[in-house]
Structures are given as structure tokens and as C-alpha cells.
Amino acid sequence: MTFALAIERLALTRGHRRLFAGLDLSLRAGDLLSLTGPNGAGKTSLLRVIAGLLAPTEGIVRIRTDSGEAVDGEDRARLVGWLGDRDAVKPQLDVGEQLRFWAKLYGTPAPEPEAFGLKPQLPGQYLSSGQKRRLALARLVLTGRKLWLLDEPLAALDDDGKALLAGKLTAHCAAGGIAIAATHDPLGVDGLTLRLGDA
Amino acid sequence: MLQLGNPRRFLDVTGKLLPWLAAATAVLFAVGLWLALNVPPDYQQGDSVRIMFLHVPAAWVAMMAYGLMAFAGATALVGRHPLADIALKTAAPLGAVFTALGLVTGSLWGRPMWGAFWVWDGRLTSFLLLLFLYLGIIALGNAIEDEVRAARAAAVLAIVGAVNLPIIHFSVQWWTTLHQGASILRQGGPAIAPVFLWPLAIMALAYTALFMTLWIVRIRTTILERKAAVLVATGRA
Amino acid sequence: MSALRTVIARDLMLAVRAGGGAALALAFFAAVATLVPLGIGPDLKLLARIAAGVLWVAAVLAALLSLDRLFQADFEDGSLDLMALAPLSLEALAFAKIVAHWLSTGLPLTVIGALLAVAYGLPAAATGTLVLALLIGTPAVSAIGGIGAALTLSIRRGGLILPFIVLPLVAPVVIFGAGAVAAVLDGLQSGALLFLAAFSLLAVALAPFAAAAGVRLNLGA
Amino acid sequence: MSALRTVIARDLMLAVRAGGGAALALAFFAAVATLVPLGIGPDLKLLARIAAGVLWVAAVLAALLSLDRLFQADFEDGSLDLMALAPLSLEALAFAKIVAHWLSTGLPLTVIGALLAVAYGLPAAATGTLVLALLIGTPAVSAIGGIGAALTLSIRRGGLILPFIVLPLVAPVVIFGAGAVAAVLDGLQSGALLFLAAFSLLAVALAPFAAAAGVRLNLGA
Amino acid sequence: MTFALAIERLALTRGHRRLFAGLDLSLRAGDLLSLTGPNGAGKTSLLRVIAGLLAPTEGIVRIRTDSGEAVDGEDRARLVGWLGDRDAVKPQLDVGEQLRFWAKLYGTPAPEPEAFGLKPQLPGQYLSSGQKRRLALARLVLTGRKLWLLDEPLAALDDDGKALLAGKLTAHCAAGGIAIAATHDPLGVDGLTLRLGDA
């Protein structure tokens, strides 16, 4: 048995607008999926549904863990690594403090900020857009979760940052993880693609 | 009770019940008001004692309505039942109206009794807060667009707010206060002349029947509205 | 357990650093206490008479002031999503946030309250009761405020609804809290502190569940 | 001129819609007024005695409450950059925001203040004076609060500015405002309203410059 | 005489870190400049200095208007169209309301939201990342200013949005404007490039 994600007949309607319906998807350990589609197609919404943060209108999302256990409902949350479209960076804390906090919360070791091109003493308030994105990426990596959900991970990253991201994605999938990334640009890593509703 | 939880069954049963309930309300009000107008004037309060028959039942029903609403809220949260959602949502405005009625009649009574429309005593203030709570629940329910989420939020608040009920009731014991102490619902039996007791009891029944009638009507209309909305949305109407 | 401590420590740090949270609440409390004598004149007897009531109201409002952003900031910048996915139930999260709020405002408010009571000329015995009452009652304020903050998280008119939710629920705290002091001043026995303790216990025990329900509800918005 | 009106209209709309601003302040005001009698007991004579002072303090605090986010929200989401580049001086912008704040809180506070004064049993003549005083004095509160809000924009420990800058400046408003009512109650003549008017005029005239300086300072941070 | 921008010996130090120094640059009507460089290099900071939102440590920025007038100091603000890294979208207002507000403030006609792929009635709260970015772009266009400063304008835009941006940039420069865009990705329009400090 290996880690796997199965989505069946998933549908979501937000404020009278049907974003997607009858969506089926199955991914296995090692798969990387690029989620594309026009602005407002529902990429972010789909990621939230998969994470269990948003209830779908219909359908189910189920994860099979390495031990063969089928996990759905709220328990899914414990398997998800999240990189949202907002950076969740606190202006009052410095880079090191933020990483240590999340590491403690997720019960994993905190990574070296330098490995992500960040200075540990820099306060969140002074970070440039790309530096914030790098911090968010570091936080994703530290969760150690097997299902990564990334929302526009390339935003604000420079070439070096993009290579860093590609490296992390490759390593994650090679280690038996699954990653789904909503993006408008190529991730620089081979993988599957799902295009959501062209309006 | 369980069978009533099914919306269709609820419509069936209440459809038969409603005319009787409405008739009972009318009769109770007629008798109650007639009695209230014919009791002898109080030796202290004179004719203004008659406001009691409008005031006290309004206050009671306002509190009872809150209790029922909170119960519906608990059912909605535990059972995730759509009918409980509707019961909660429809009880709130009705309860608010009865609370307002209790406040207005109390104020009108307060003018001759205390020389002021309003005093800041414990019972009056906590009853005013009950009105706020009703308004908060209504506002919260309306502020969230999604029906299920709105009902759940309102239910949480309704349950939490139930602590206010004992506070209103016992407030007269806990503070030095201007408001009448418990004279009817108290340990050791009512401390009120029997001539007043009977009309008051009948008026209390009348108010209760009125609340029930209105509540059932509102629940029925909401069920039918939602059915219609589903039909329209699915293109079947 | 450790996750709980982690959140508490972080929220405390944010409250102290931001200035927005803890410092503002304390400053506000001190401001009310300073302005009231300016408003009603320097009649010491009158001041002592109303001291407990005014200080209680000020403390409750100061605490509430910082409460409406208890979850808001984390909601807006996306941190709440990450916390919902962390190995920590939303109930535990809400509890941690309430505890952190109390530590960063309720507790210091109690200390400052003691100083202000003396400045208002409250007798020693009454001051003692006031401090005890603040210590017992402020956790309930944090807890109740937490419920309100969670329920109104994603609502556009949240600010309007919040007082309607919180006010009826905190009223008992003010009533019993100030009542306990009034009883001491009048030389009466009173069970107000007991009531206050019971109410506070109930509030702190139940609030995390209600607040978690509110957060869960709003994450899907 | 038209740019000024545009900003005022938009800030009013945000204040009303967000709930965060106007509604919260009003609800807060009403909350204070409701809680105070719970705290100090139902003695009507005592309540009438302290009514003016309590209502003034409550009004000032309610106004200040919504003031700390006067520029903050626009600063955080980048709107302030765009406004600084618009054909409108920062002074005019600050003035517009102060006016909008007063219209959305000061003015309604005055109206509610009248109602609450009656509920507190303040005599009619004194109520009239209180309303007049609120009408004259609240613009000064909006103006002074605006200075504070601009200065604390990006300062990490902004919370501490409130007691040290804003409080000393609003104290005269409370003193003259409540003093005018007290004079009426005691049947005395007093120039308090005149002082209040002069102070308010001065504050409104100078605040936009101070606030604009504060904003300019913080944009480059 | 045509519209032109001149930067001389510009230097900026933020918190002990020298971001750039001795920067000289001159652009003329029709020029489009891509500002590139690693995360934290100072692109955003440079744009803020040019707009006059941030005071440089040294050096000057001067604009010559069509009428030959030389504008520096704070007056520069009146010539700048700004698209920041944050979207400045208010959750409480709908798309149409936001555009009308900015149009009135800048004293120009409000554009049709539909021309930017937006529905006028959609509340700001519900906009997707790309929709917010489109709103910000619409706002830039409506200013009618001759010097455009754009910070990561491509972020969150889909292919259609990128084409829209490229079109607007082309039209702006063709009409005698100048545009400077900090970006990590090609804008899809020919132009000059300035690369800031490789650390």
C-alpha cells in the first residue's frame, strides 16, 4: 500500500456560481499535479476543499496513508502541508522566531533560515515579497506532511527561489509524497496537469 | 417529537393542529381580557394593576421563547437537522417582539409605580440584555449568507446566551431592586391574591398559545419557501 | 500540551510586541480611570462610592477592546488556515488564545486595578475584594470575548454584532464583580464572589467549544 | 474640493459597511452606558449626578476606539500609497478622514448621548447642554485622535502613544464638556462651552497638518 | 521636448544594508524598463524612491514633463501611476465602487470592469488573487498618469491577464508614457532591463 489521494464526484458552488462539478481525481505517492485555469476558476477553492478547510457541495476526498488506512473528513487536516496564497508572516516576529513557532506547533525540527536564503534576525515587517514567500516555503517544508497543497508558490520568487522550490518539490515527490500546486506558470518540474473550468 | 422532525410530517400534523390552536388563542384572550378588566382595583395600585395582565405574561413568554429557541439550537448542532435550524431562525424575531412588549408594558407600569419609565435595576437591565441577545442572534443569522453556516452560528450564540435566563429570573433576589420580587413563580406557592391569580394564569396561557400559533405559522412558511427555492434552483418550477 | 504552550507563548509575544494588544488595553484602562474623575469632579466620597463599578466597567471594556482581533489578524493573513491544519484541535487553539489573552490583559488589568482602587480612595478591605473579583472575573471576559470574536470572524458587519453578543454575556461579570465590592462597603455578607467564580468557571470551560465552532464555521467562508 | 468630498464619502461608506468603525463605536458607547448602572447600582440620584461625566468619558473612548485604525487599514493594504500619489495633499487627506470619522461617530454619538442622558435621569436643561457640548467637543476628539493614529501608523509599539499623546490632549475636552453640564446642574454660569469651542476649533485647524506629517513619516518606513 | 525621467547617483541604505548606490538612469517617452534582481535586492524600494514615497539616502530623481518643466521633490507624486505589490482592495466595497472611488479621486473617468475581466457587483471580499490583481491594473490604467511604476504586475495573473497587461503596457508606451516594472518573469513586451544588486 502506498500513500494515495482519491477525489470522487467533487462539486463546489460558491455564491450561486458553480465552480466545478463531477470532479474525479486520483493521485499516488510521487505524483505532482499542476492545477491551472483562468483567474477565478476555483483553483484556490479546490485546494481548500482538499485540505478540508472548505466543505464541498458534493463529493468526497479520501486519503490512503502508507499503512493502508483510509482517512477522510476532518482527520485529513493532519496529513496536509499548506502553502496558501497569503504568506501568514507576522510583522512583529523575526524570521527565526516564526519558523521556530511553526516547527514547535507541528512538532518537527525548525529548518535553517539560511537554507532558504533568509536571515534569521530579519523582522517580518521588513521582509520583501520574495523573502516572505521563501519563509512560507520553509514553513511548508518543516511540516513534514505527505500531501503538499501549494497556492501560487512561484509568486514573487526570483530564479534562485524558483529553483529552490523545484528542488523541494522533486525531493518531496521522490520521498513518496504528493504535491498539488495551483499555478499560472510552469513549475520547472515534470508532472501531471489539471485545468479547471474555462469560463 | 421525532416524527415531527420530518418537515413533511410537520406540515401534515401542524396543518390539522393550527386552526384549533388559533381558535384557542382567541378564546383565551377573550376570557382573559374580560376577567382582567373586571377584577377589583388593587388597594395600593388602583387600576394600573391591570397592566400586570399584559406585562407579566409577555415577560414570561419572552423567556420561554428563548428557552425553546436555545433547545432548537442544541438540536440543530447535535442532530444537524434542517427543521431545528428553521425553528431557531423563526423563534428569534418572535421572542424579540415579546421581549419588546414586556419592556414597553413594564415601562408604562413603571411610570405610575416608580415615577420613571426606566430605572437601572437588575431585572430591567438583564431583560433589556435579553432583547440585545435576540437582536444579536437575528443579526448574526442574517449576516452569514450560507444558510447552514448561518443557522449554526446562531445556534452557538443561542445556547451560550441561555445563561441570561436564570440571571433575569433570580436578579430580584441578587440585588436590592425596585422591581417586584418573585410573587408567583416562587418556592412556597404564589403570594398574590387569588382574584388576580386566575386572570393572570389565563392570560399566560393566551400569550403562550399566541406564541405557539405564530411560531408554527412561521416555520411552515419557511419550509414552503425553501421548498420553492429548491424547485426554482433545480429548474423544476 | 506542548502545542498549547507554544500557541500561548506566541500569542503572548505578539500581544506584548505589537503594542496593539496588551499595551493598548492597559493604557485604555488607565485612561478611563484618569478621565472619570475629570468628568465627574474631584468629590472623593463620590469617587470611592462609584470606584468599583467604574473600574469594573473599564476593565471589561479594556479587555474587550483587544478581543475583537483575537482571531482576526490570524484569519486575515492566512495563519489561521495553517493552525487549523496543525496537530492541535480548534478547541485547544481557542483555549490557548483565551489563556494568552487573559495573561496579557486580564492579569495586568488586575494589578493596575489595585493601584487605581487606592487612587480612588477605596478602603483596604474593599480593594482586596475588588482585586480578588478581578482575578476571578477577568478570565470569563476573555472567554466570552473569544466566543464573540470567533463567531463574527468573517462577517462584514461583525463589529456591529459583536457588542450585542458580548454585552449580555459579560453583564453578570460586572454585576457580581462590582456587587461583591459594594457588599463589603455596606458591611453585608454576599455570595457574589461565589457566583462570579461559578460563572467564570463555566465560561472558561465552555468557551473553547463555542469559539472553535465559530472558527470552523468561518474558515469555510 | 471634489477629491476631499470623494474621500469623505468613501470613508463614510467603509465606516458604515465595515461595522468595524462607526457601528462598533456606537455599540461601545451604548455598552458603557448600560454597564455603568450595573456596576454602581440602581441609585437614580447618583446616576444623574455622574451622568455627564460618564457619558463624556464613554463618548471620548468610543471615538478613540475607532480612531486607531483611521489610517492603519489603508496603510496595511497599500491604499495609503495610492492616496499619497493622488491629486490631493496629505493634509487634505487627513482632514477628509477626520471629517468622515466625525460624521460617522461623533455625530451619532451626540444623538445617542441625548437618549442615554434621558435614561440616566439628567434634567432637560442639562441634557440640552450635554448635547451641545458633545456636538462642539467631539470634532476635537476626532482631530486629536487623528494625530495619534497617524503617528502610530507603523510604529511597532503604537499602543503606548495613546496614553502619552492622546490622553493629555483630550483631557481638556472632557473637563470642559462635563464641566458645562455640571455648571447647569448647579445653576452656575460657566464659560466652559466657550473654552470647549475654542479648543475644538484649534484642534480641527491644526490636526490635519500634524497628522499629515505623521503619515509622511511613516510612508517612508 | 518629450516626457523623460532622469535618475542621478541614487543610493539607498535600509537598516544598515546598502541596497544600491551610484545608480544613474535616464528614460524617455516610450521606454519600458524591466527591473530585475534577486529577492531583497531593492526593486520595491527603488520604485518607492522614484515615486517619492521613500527618501533616497543620496541622489536625485527628476522628471521632465511634455511642456519641458523639470519636476522633482514631492511634486513628482502628481505624475506617477502606481501598481504596488499589495492590491489595495477593500473587502467591503464591490468592484464597481472601488473603481469609481479611485477614478473620482484621480479626477478621471472610471473604466469598465468588464474590460479587465471583472464583474462590477463582485464584493472585494470574494475576489480571487488574480481578480484582485486585475482590479489593481484597472486602477493603474484609470490614473491616466504618464509614469507607470509596477511592482510584480504579473503576479497571480492568468495567461489572458498577462496578455491584457502586455497590451496596456504597449499602449501606454506608444502614447508617450514611461513604465518601470519590477518583475521576475518576462513581461511579454520588448523593452530595456535593469538588474539590481546580485548579493
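So that you can tell them apart, the chains are marked A, B, C, D and E in the order they are listed, and the count of residues begins at 1 in each.
Everything that follows uses one rule, which is that contacts are C-beta pairs under 8 Å (C-beta built on N, C-alpha and C of every residue); 3 or more make two chains touch, one makes a residue touch a chain.
Computed from a predicted model, the values in this text were never measured in an experiment.
Here the largest set of C-beta contact pairs joins the chains C-D. Central chain assignment: C. Criterion: smallest distance from chain C-alpha mean to the mean of all protein C-alpha atoms.
Farthest from chain B in terms of Cα centroid separation is E. A separation of 37 Å divides the Cα centre of chain A from that of chain C. Centres computed as Cα averages put chain A at a distance of 45 Å from chain D. Between the Cα centres of chain B and chain E there is a gap of 60 Å.
Rounded to whole angstrom units, the spacing between the C-alpha centres of chain C and chain D is 24.
Looking at chain B, one finds that residues 122, 125, 129, 175 touch two or more other chains. Along chain E, residues 85, 92 each make contact with two or more other chains.
Residue numbers of chain C whose C-beta contacts span two or more other chains: 17-18, 155-158, 160-161, 164, 167, 171, 175, 220. Taken in their complex, chain D has these residues touching chain C: 17-21, 23-24, 27-28, 30-32, 34-36, 38-41, 46, 49-50, 52-54, 56-57, 60-61, 65, 68, 155-160, 162-163, 167, 170-171, 174-175, 177-178, 182. Chain A makes touch with chain C in their complex at residues 51, 53-55, 77-78, 80-82, 84-90, 92-93, 97, 101-102, 104-107, 139.
The touching residues of chain D, counted against chain B in their complex, run 34, 37-38, 41-42, 44, 47, 119, 121.
Residues of chain B touching chain C in their complex: 77, 122, 125-126, 129-130, 132-133, 135-136, 139-140, 143-144, 146, 149, 152-153, 156-157, 159-161, 163-164, 167, 174-175. By the touch rule above, chain E contacts chain A in their complex via residues 14-15, 37-40, 43-44, 85, 117, 126-131, 133-134, 151-152, 155-162, 184-185.
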